[in-house]
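Across the two complexes that follow, chain A remains constant while its partner is chain B and subsequently chain C.
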Partner chain A sequence: MHTLARRRPNGAAWAIVSVAVAIVATLVAVPVGAVFVYAFSRGFDPVLRTLARADVHSAMGLSALAAAVSVPFVTVFGVAAAWVVTRTELPSRRALAAILNVPFAIPPVVAGLLLVLVVGPHTPLGYWLAARGFPVLFAAPGIILATSLVSLSVVAKDLIPLMEALGPAEELAARSLGATPFQAFVRVTLPGLSLPLLHATVGALARALGEFGSVSVVSGRIRGETMTVPLLIEALYGEYDQTGAFVLAALLALVAIASLAVKKAVEAAVARTVNAEEVSP
Partner chain B sequence: MFAERSGRSEQSAAFPRFHAAMSRHSFSLCHAGAVALLGALTLGGCGKSTGSPRPESALLVAAYDPARTLVLEANKRFLSDELAAGRTVTVRESFGGSGKQARAVVDGLGADVVLLGLADDVNALADAKLVKPDWAKAREGKGAPYTSTIVFVVRAGNPKNVRDWSDLARSDVALVAPNPKSSSAAKLSYLAAWGWALRQPNGSEIAAESLVRAMYGKAVVLDATARGASTTFLQNGIGDVLVTWENEAYLARDERARAPIEIVTPSASIVAEPAVAIVDANVDHHGTRALAERYVALLETNEMQEAAARAHFRPRNAEVLAAHQREFAAVPLFTVEETFGSWSAAKAKHFADGGLLDRILEARR
Partner chain C sequence: MSSIEAQNLVKGWGRAKGLNDVSLRIQDGALVALLGPSGSGKTTLLRILGGLDAADSGRVIFDSEEVTGLASAERGVGFVFQSYALFRHLSVFENVAFGLRVKPRRERPSESLIRSRVTELLARIGLPDHGERLPHQLSGGQKQRVALARALAVEPRILLLDEPFGALDAKVRAELRRWLRELHHDLGLTTILVTHDQEEAIELADEVVVLNHGRIEHQGSPRSLVDAPASAFAREFIGDAQVFDGLVDGGVFHLGKLRVAALAHASGTKARLVVRPHELRVAAACGDTANGTIPHVAFLPARAKVTVAVDDGPSVVVALARGSDESEHFAKDQRVAVDVVQAFLQAG
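Entry: the complex of A and B
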């Protein structure tokens, strides 16, 4: 069927394709390639030295921690929010759907400043927590909160259109056969969503690892303690350690490319499943 | 997506009981989300906490970017001195733009000692009641162990022939500078240009205003921090002249920047007096006052003055300065006080909201 839609490329088509390729090459391929070239521009030794630094290890650890906490959190939140928006008649669900746009709409640096206003040590909540040996701002919890806040609706925004399109028919069937709501959710809804959920989670991971603006506000930039990988990249660049900055940038780029590959693989798997379903009845 | 929902609503109308069940279910899911959030916070807290209250032996130094090499050297020295005295301590450091560091401490960053580009940034901490109001007097003559000044950096060979402040106003000279709104180096650059213009034959406030208006009205890049402006000029290759700290200029020359550069010293410039202060509220809270006092005393030793000179700061100690005199251009320097009366007077006129700088930057738009 898809052969029908394809035509022999003519001159105009070639022109459009070359413009598209030129744009992608200039804006994406060249900068990403340059990151790797700069990273290795002075050979392997500076790369290994950068990767052996204690502050680099600490930044990697903190970035990993922030992602390890925020990704499961936004995933659980995303499933819950998508459920409320698409499967319930709660009066607040439209409001929730609208609120889900807020983390996308506010600039990350503003998200960081909001945290200063809400959990800073001069606020009642922040003071109460700090007094109990649990500082939020300028410590790991603040960085995790900032990361979670900016990526809060990544999963929900991914799932909602999909769950809308799927409709509740399968869950209704399960319910009519005597399943409890919980059983219907765990045995019918979630398995159907497993691949899209993986797709959304990888998106949340990429967002969490790359977050700069909001974390920059709440970090305090204490070396070896509250610096994430993106913050350290900026600091190293400012300290004329260009190689170090590009080594870490290349590392983040590698993770991003790997997660893109996973996303693409998931999309292909989804497409196969859909095709199989279309054929089977 | 709302359009799609109308179809689903018809379906749900057909299964009222089912949807009532769904609604109840969604509540429990929200609760699950709340529990997950709490769990996340707890786990995060367990992972790594920079927490106050900290052990007596931990010191946090928040410094402005240009002091980085000096602070790292001081910290190394401090650790070995303390170890020699039988005390095991840890020193942690945080670097950023001077104003940004002051802001972070005001917002609750638990720094015990601050080393900032401007005394006025420490005044901001005094305004927030974190530092005693008479901190400057208490540290009479013992501020930062060094001074600096403002100079120009140009491309090799000085192709645009930039010699003095008046050249920065030329329309064919692309100026890169930090933004005086946020950067201490930039505030001093602005005041240096103003002070220079006042000191010229027939110098006047009008001439001074037209100079800074030309400089900041047409600057091609106004970065948030001095280091950001250095990066723009050196690593990104933008602009004909960079106005920055003398020590930043020398550091840039040392750091094998991709393009060769030259340093131009104007015919007169301003004295930059970075400031060291103990953050009283934080050391009292952490119980680290004695530690912080020993750290500040270390900065005042001749040894650290030598380290300051190596980092291209002008040592305060006359002997150490004399030993390094030929490394620094002999340039007539004037102070903020003798030119503007006081910092607060200069700030009120030039940098306050709605002040002259705001009007100049407004005209850029």
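Entry: the complex of A and C
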């Protein structure tokens, strides 16, 4: 694969690579490194003090809750949507594939405002729910909804190209051997997707934990109650609590880097099995 | 084991890969090849017979039982897919066992029965020690045999193979072809395979069905296909046929200086010459014959293939048996004369 493209690097190639490395370093590596340096700039004590605060615990809990609910939801939705788009002949599947782009395309803030329009306290649905002691806006349900909405297509978008490339042959083979559609799905489709699914889920998790714009609109920003970690970071920063903000930022960055590492490891594993398997003849 | 009958099958009338009123009868225990160019509808026909695809109209009958509306598993069809379609996440053993494991509880064999059945099949396909391997650890030929064992595990009445050897190299193809022939002989299972390789169809099958544009062009023994093709398409499709259009004048078909007797054709009519490489002859160039120059000679194990660019005429390929003095001394750029020994001439 490399034999055609590989050439002995010449001066121009070195120049291009150097520029690329310089750009990546200034825009990515240095700032990310700086976050960690800044977080620990005054030693460990402020870090530990930040991590012991009640509002920080509340924000971590809320972020974890939002991720814990939205990630399984968008995973189930993503598998179902990818299956409909790539494995059925339903006339609406092209429309569904197109609609899946919407959560990516609309800015998160707009997604948050859309939720206000649908379940806000002044809408019939929001009013009805609030009257029964179940407020959606300015409460955990709204934050979970917003997080789910913006990461809705993450899993589906990850799976669709792969399932398209794999084709329906394995499922067809299972059906021809007497498997019911359910057996074919559970015994062939799902296990065949286990690694890609892990990859997609990690992506959804990273997205859920980092979500800011939409959550910011629906949360009401009540410190200690409706603030997720990204919201609290912004609040602390606004209050000139640089250490607090950077400690939490470092925490989020750490989670992001870890999930990136998991994704890369999974990608390598997927590439190994898929390449050996020649997807198409 | 079952006889198969297709009655007036239509699928996507007139479209590529469609079927335009196909009727077919296949005897119990036969090994039949569906042969045709890509887009001819041969795979569509196989899929409809196997219940993987539904025809727009027409009926499929196994023995005397109509199975048109039944799914492939209910028809008792074993299907081997073009790119094997092995379950990537399951071991070879579990791939073969799959059809037994998904049976409804009351029909499902016991675990020990499944083990012995799969072990027996793995031995039959010559992979007794490969049960624990994953599909991506197998060679193409091994995958193909596992796919076959998987289809046989559920004891189908009919075995359908879609381009079974398409993705394999020539040597493995020849081996598997022989192996499939023996397997068919041992099991006596009615078998249909799709191929675009005429040599494969002719060598392997008891009966060859040639399809083109969703219609059957020929059905019969491989020998009948070679010696007496039932249609112009079949004639031109088989045996590296070379097709030339020309005019008949005074009982002779003219193609530049290449001439063929055409007593049955009226003067001034167009005609089409279908000639295979071995039906031509080359000799030393001389006066009033169709002379030409050799741009290329290929020496194959059994034959020499001499291409001759006839002066003011077409390029023709001539095949000669190796070993004779004349076949060995032809060379590039040599001047030779070409002559038609035997050919088929049809009114154009």
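Heads up, the rule we're going with is that the second predicted complex is superposed on the first by the 269 of 281 C-alpha atoms of A that agree within 3 Å, B and C clash if a C-alpha of one lies under 4 Å from a C-alpha of the other, contacts with A are read in each partner's own complex, and residues count from 1 in each chain.
Keep this in mind: a residue touches a chain if its C-beta (ideal position, glycine included) is under 8 Å from a C-beta of that chain, and two chains touch if they have at least 3 such contacts.
Quick caveat: nothing in here was measured; it's all calculated off a predicted structure.
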| item | value |
| --- | --- |
| Partner chain in contact with A:16 - chain B first, chain C second, else both or neither | neither |
| More chain A residues in contact - chain B or chain C | B |
| Contacts of A:130 with chain B and chain C, given as first, second, both or neither | first |
| Partner chain in contact with A:172 - chain B first, chain C second, else both or neither | both |
| First (chain B), second (chain C), both or neither touched by A:80 | first |
| First, second, both or neither for A:188, with chain B first and chain C second | second |
| First, second, both or neither for A:70, with chain B first and chain C second | first |
| Touched partner set for A:88, first chain B, second chain C, both or neither | first |
| Touched partner set for A:118, first chain B, second chain C, both or neither | neither |
| Which superposed partner A:145 touches (first chain B, second chain C, both, neither) | first |
| Doubly contacted chain A residues - partners chain C and chain B | 169, 172, 175 |
| Touch list for chain A against partner chain B, complex | 61-62, 65-66, 69-70, 72-73, 76-77, 79-81, 83-84, 86-90, 94, 97, 116, 120-122, 126, 130, 133-135, 137-141, 144-145, 148, 160-161, 164-165, 167-169, 172, 175, 181-182, 185, 220-226, 235, 237-240, 242 |
| Parts of chain B lying in touch with chain A, wherever the complex brings them together | 1-2, 4-5, 8-9, 11-12, 15, 18-19, 21-26, 29-30, 32-33, 36-37, 40-41, 43-45, 47-53, 60, 62, 65, 68, 92-96, 104, 107-110, 227-228, 230-231, 235, 251-252, 255, 257 |
| Parts of chain C lying in touch with chain A, wherever the complex brings them together | 50-52, 71-73, 77-79, 81-83, 85-90, 98-99, 102-103, 135-137, 150-151, 153-154, 166-167 |
| Complex contact set, residues of chain A against chain C | 169-170, 172-180, 183, 187-188, 191-192, 194, 273, 276-278, 280-281 |
